[in-house]
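Listed next: structures, encoded as structure tokens.
Shared chain: subunit A. Partners: subunit B in the first complex, subunit C in the second.
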Partner chain A sequence: MRKCSLDKLDLLLGEIAKSNELYLPVDDSDGSAVYKKWEKGTALSDALNTVRSPKDFFFPQTENLMEFKMQGKNIEIIDTRSELEDFVIFGVRACDVKSFEILDRVFLSEPVDSYYAMRRSHGVIISLACTRPAETCFCKTFGIDPASPSGDISAWKTESEIFFEANNEKGEALLSSLGALLQDCDNEAVEAQKAKINAIMDKLPLKNLTTEGFGGGKTAELFDDPHWAELSEACLGCGTCTFVCPTCQCYDIKDFNTGNGVIRFRCWDSCMYSDFTKMAHGNNRLTQKERFRQRFMHKLVYYPENNDGLFSCVGCGRCLAKCPISMNIVKVMKTIGGDKGE
Partner chain B sequence: MNNLNETLIPKVGVITDVRIDTPDIKTFRVVTTDGEKAFDHRPGQCAMLSVPGVGEAMFSITSSPTNEEYMEFSIKKCGCVTDWLHQAEKGQQITIRGPYGKPFPVDDVFAGKDLLFIAGGVGLAPLRSVINYCRHYRDRYGKIDIVYGSRSKDDLLDYQEIIEEWQKDEGVNVYLTIDNPQEGWDGHVGFVPNYVKELSFDTNKVAVICGPPIMIKFTLDGLCDIGFDKTDVYTTLELRMKCGVGKCGRCNVGAKYVCKDGPVFRCDELEELPDEY
Partner chain C sequence: MQKITRDVLIDKASALLSDGTVSCVLGWKKGEFDYDVTPAVFTTHDELIKDFVFSDFCGANFSKYLVSKTKNIEGRILVFLKPCDTYSFNQLLTEHRFDREKVYAVGIPCEGMADISKVRAISGEGIASIDTSGDKMLVTTLYDDEPVEIAPCDFLAERCINCKSKKHVAFDELIGEDGDVIDSNRFDEVARLESLTPDERFAFWQNELSRCIRCNACRDACPACTCEKCVFDNPASGIENKSPANEFEEKLFHIIRAYHVAGRCTDCGECSRVCPQNIPLHLLNRKFIKDMNDFYGEYQAGAEVGMRAPLVDYTTEDLEPGEVFDRRDTDA
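Take a look at the complex of A and B:
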């Protein structure tokens, strides 16, 4: 374990930024936090978490895949992938770090998505333990410990100091490169900090929310649950929940005509949209009920079925905060799974 | 990084022949710019074809893997990509990537068995690949029965090949039908599911059904009525697709992705899935 005093944090970030692009949560003008590139004077936000999840770093909202040049009947395909520089994301919360593992299982399984893989291999993640988990947090439901975030390096912030622990070689290399800015220390302060965080977690309203009743193999039992109709009734199909969600992975592939060629790009898509599965001979998810059910069945049943029981939700609470009609996965879990929360 | 394989990046393909099959279906022959097959495949697998700037769409590879020179696609005109392709001429380049999906179990489950193929409309496209594969390795399979139906005589796909090759093969029986009576047609008239029941096949064989969803449902019911077990019946599903590799999240039915766990499914497996296809 190594540490530095908080008044030296700026120096430390500056040192990291010397050799890597560095991103961290920063207060936006409206008071919410967003990931921004560090420049001299940039201060780490004190907010619990960013409005947008950090999935953009590895799976950007839009990304060019390739280009085509056309001449008469001929086509030339241009591979536009290029080598990336290493970059560091500082201050990622435990829930969001876990979301990378969930996306990894999709994009890094065969055939590997090289666009995602390239970003992932160049990103160094410095996680940061939460100091003030909020009422919308339920990461513990999914076995995530906000006091012990993973990542290449884990960090803890106390009133006056910041502590670091490398979790792998990549993390160790970065910490070592910071030399004298960090001092070795024991883990007493960090243990005290963990106990504080856990005490807060124990008082949160969603602390008893359980995944019991969900998981792989539950399709037959849950698919025809009568409650899907009332739960989805007011859903606008706006897709906000899927866009803010760190684990939502659906994408579309589109072409853009530039005038002297074509750029093929991918962009986030949403299973909540009415045309998501539309085909010439019909649509297999005709109403919002089917689309709504798909989103939650995927996170709570289908994904775990294909991924050794791992759920595709990290309890970050973003969808609780952002849905315009206040519908969310917690309400779904309490209603469909039987009311075991609160 | 550019040497890293990426399934989303296609190859350039050249259309070397266009055959008009029906008023809305054309069959395209495709090779790479070196004049070779773009990749190897198994019967029942698909490929993503695209016209840059227009879009990308999934099609069954209708030619058999035993054809070592080129691939063929039978394409029905019904939207952006397909309309564009229908106007394309020989020499036109397109892009191609694949193969995608799980093939028919031609080398294990089908081996040594009598086979019954049932197709409706453009649904013959994926079956033609299997039929020609089984005809090529004729001694590996028992009797082959093929029931194929369309709206009219003019809508029958691969008609020349059926008449000139399939019907002449020993041990291969072809039963054609059209929906309504038509001048110049002295064959059977009626819908495929009914015809299959009338023909009353013995049930000691493997059946494969391919066609519009409604035809698949009725035909499967019909087969069960005459005593077929769902474990002996295969079909293919067609859902909207983008990536072809189980990542874009578009084509799932329950926990299965049709692009990677399908499109070929055994009917008893299909029954386990939620009714959302």
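Take a look at the complex of A and C:
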């Protein structure tokens, strides 16, 4: 365990930024937090979390995959990938760190997504334990401990100091490079901080939310549940929940005609949209009820079925805070899952 | 706090259900917390007693839901309309978007609705309960022993601080007394933006619109956006797009949308309410409204059913297009 006083945090960030691009949550002009590149004077946000999740670092909202240039009858295929430098993401919360594992299982399974893999291998994650969980938090439901976030390095912030612990060689290499800015210390203050966070976790309103009733093998039981109709009744069909979600990973691949060539790009897609997975035969989900159901069945049944029981939600609460009609996964789980009737 | 209570609304809805005036009720359903209210359709008194709520967090404009909810229903649907919702109601009727005969509209007074992000900015995260029964909002958090007191000027949504009307322009029945059209300051911010240099104004919108994630919530909540198939959702349109491909793309979307609803936008403010990125989208629409007022005389979309918007009407007093350019040059 190593530490640094908070008044030296700026120096520490500057030191990290000397050899790596460094990103961290900062306060945006509208008052919410957003990941931005560190420059001299950039201050770490006090917000619990960013509106956009850090999935952008590995799976950006839009990304060019390749280009085609046409000259006469020749088509030149241009590989747009370029080699990346290492970069550091500082201040990732435990829920969001867990979301990377969920994305990895999709993009790093064969066939490996080389675009995602390249970014992932160059990213160093410094997680940060939560200090003030919100009422919308329910990470514990998915076995995540906000007091002990994983990542290459874990960090804890107290009122006056910030503590670091490397979890692997990558993390150790970065911490070692910071030399005299960090001092060795015992873990007393961190243990006290963890106890404080755990005491708050016991007071959270969603602390008893259970995944009971969901998981692999539940398709037949839940697919035709009559409650999907009322749950989806007011859904606007916008993509807010899917775009602020750290684990939503569906994308579309499209061609953009440049006039003398084509840029093939991919962009986030949303199962809430009417043309999601539209195929030559048309669309297999014609109503908002079916689209809505897809989102929650994917997270709570299909994904765990294909991934050793791992649910594809981390309880970050972004969809609770941002849905224009306040419909969300918690309400779905309470209505059709193990809490039914409570 | 709202002057009208949940009980009064439940009594009204139950009476209209039991005498057969309506077959269902569009209302607000309570959530996990005191603020996460969801629009819902109720069909019985018991359902209303169990889940119906009315509070400072019932800001959603119900008018647009009538387009889908009036289809395939037996009888009539009861809808509670706040004054600003009634303008959208009329505008949708002007555009023949739903069958008026299928709706029983009850106008309800509104004291302004709260913006939860403003509440949270003051109370901090960890809201345990919100008491909206008094003049001030009392917010209890998991972190403070004493509730935080918040005055209306600090929690009201921007659109409510600049409320344009407490008057209901459409209803079958009214609960409480009707109010008046208000001489609001809603164009002040537009005027401020107009006073900037073009470069400053560009920087303002670039900063705001660069946060757009193209979730389409603004469009999907907008009562003026009721196309059966939006061009931006239609792969056959050639301009379908799911994400901001570059900085210009997102500006294009919002500016096209603002043009598309010009003359039809009632300034209900739903676009800004639902934006997850807090982009003040309503300012684009207000700019159009302000210009139309200046060029063609005061016009409020939705004030009456069947009005002709200035942009689709012709009078001999209309200003010549050249004058618009002349004014632009003198403004700059």
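Please note the rule applied: the second predicted complex is superposed on the first by the 332 of 342 C-alpha atoms of A that agree within 3 Å, B and C clash if a C-alpha of one lies under 4 Å from a C-alpha of the other, contacts with A are read in each partner's own complex, and residues count from 1 in each chain.
The criterion applied here is as follows: a contact is a pair of C-beta atoms (placed from the backbone, for glycine too) under 8 Å apart; a residue touches a chain by one contact, two chains touch by 3 or more.
Just so you know, these numbers come straight off a predicted model, no measurement behind them.
Novice: Considering only the touch criterion stated at the top, classify A:A229 as touching first (subunit B), second (subunit C), both, or neither.
Specialist: So A:A229 meets neither subunit B nor subunit C here.
Novice: Who does A:V106 touch here: subunit B (first), subunit C (second), both, or neither?
Specialist: It touches subunit B, and subunit C stays clear.
Novice: Figure out whether A:A199 sits in contact with subunit B (first) or subunit C (second), or with both, or with neither.
Specialist: neither
Novice: With both complexes overlaid on chain A, does A:A43 touch subunit B (first), subunit C (second), both or neither?
Specialist: Touch status of A:A43: no partner.
Novice: Just subunit B (first), just subunit C (second), both, or neither: which does A:A173 touch?
Specialist: Neither partner.
Novice: Under the stated touch criterion, which partner chain does A:T219 make contact with: subunit B (first), subunit C (second), both, or neither?
Specialist: In the superposition, A:T219 contacts subunit B only.
Novice: Regarding the shared-chain residue A:L11, is it in contact with subunit B (first), subunit C (second), both, or neither?
Specialist: neither
Novice: So, A:M66: does it touch subunit B (first), subunit C (second), both, or neither?
Specialist: First partner only, subunit B.
Novice: By the touch definition above, which subunit A residues appear in both interfaces, subunit B in one complex and subunit C in the other?
Specialist: Residues 252, 269, 278, which sit in both footprints.
Novice: Which residues of subunit C touch subunit A in their complex?
Specialist: Going by the criterion above, the answer is residues 31-33, 35-41, 60, 65, 117, 121, 124-128, 142-143, 207-208, 211, 213-217, 219-221, 229, 233-235, 240, 242-245, 273-274, 276-279.
Novice: What residues on subunit B touch subunit A, complex-wise?
Specialist: Touch residues, subunit B against subunit A: 1-2, 4-12, 52-56, 78-79, 89, 91-95, 212-213, 238-240, 242-243, 245-255, 272-274, 276-277.
Novice: Across the complex, what residues on subunit A touch subunit C?
Specialist: Subunit A residues touching subunit C: 28-32, 34, 48, 51-52, 61-62, 132-135, 200, 203-206, 230, 233-234, 236-240, 242-244, 252, 256, 265, 267-270, 273-275, 278, 320, 322, 324-328, 330-331, 334.
Novice: Where on subunit A is subunit B touching in the complex?
Specialist: Touching subunit B: residues 65-66, 68, 70, 73-77, 79, 81-84, 106-107, 109, 111-115, 117-118, 216, 219-220, 223, 249-253, 255, 257, 262, 264, 266, 269, 271, 276-282, 284-285, 290, 294, 297-298, 301-302, 305-306 of subunit A.
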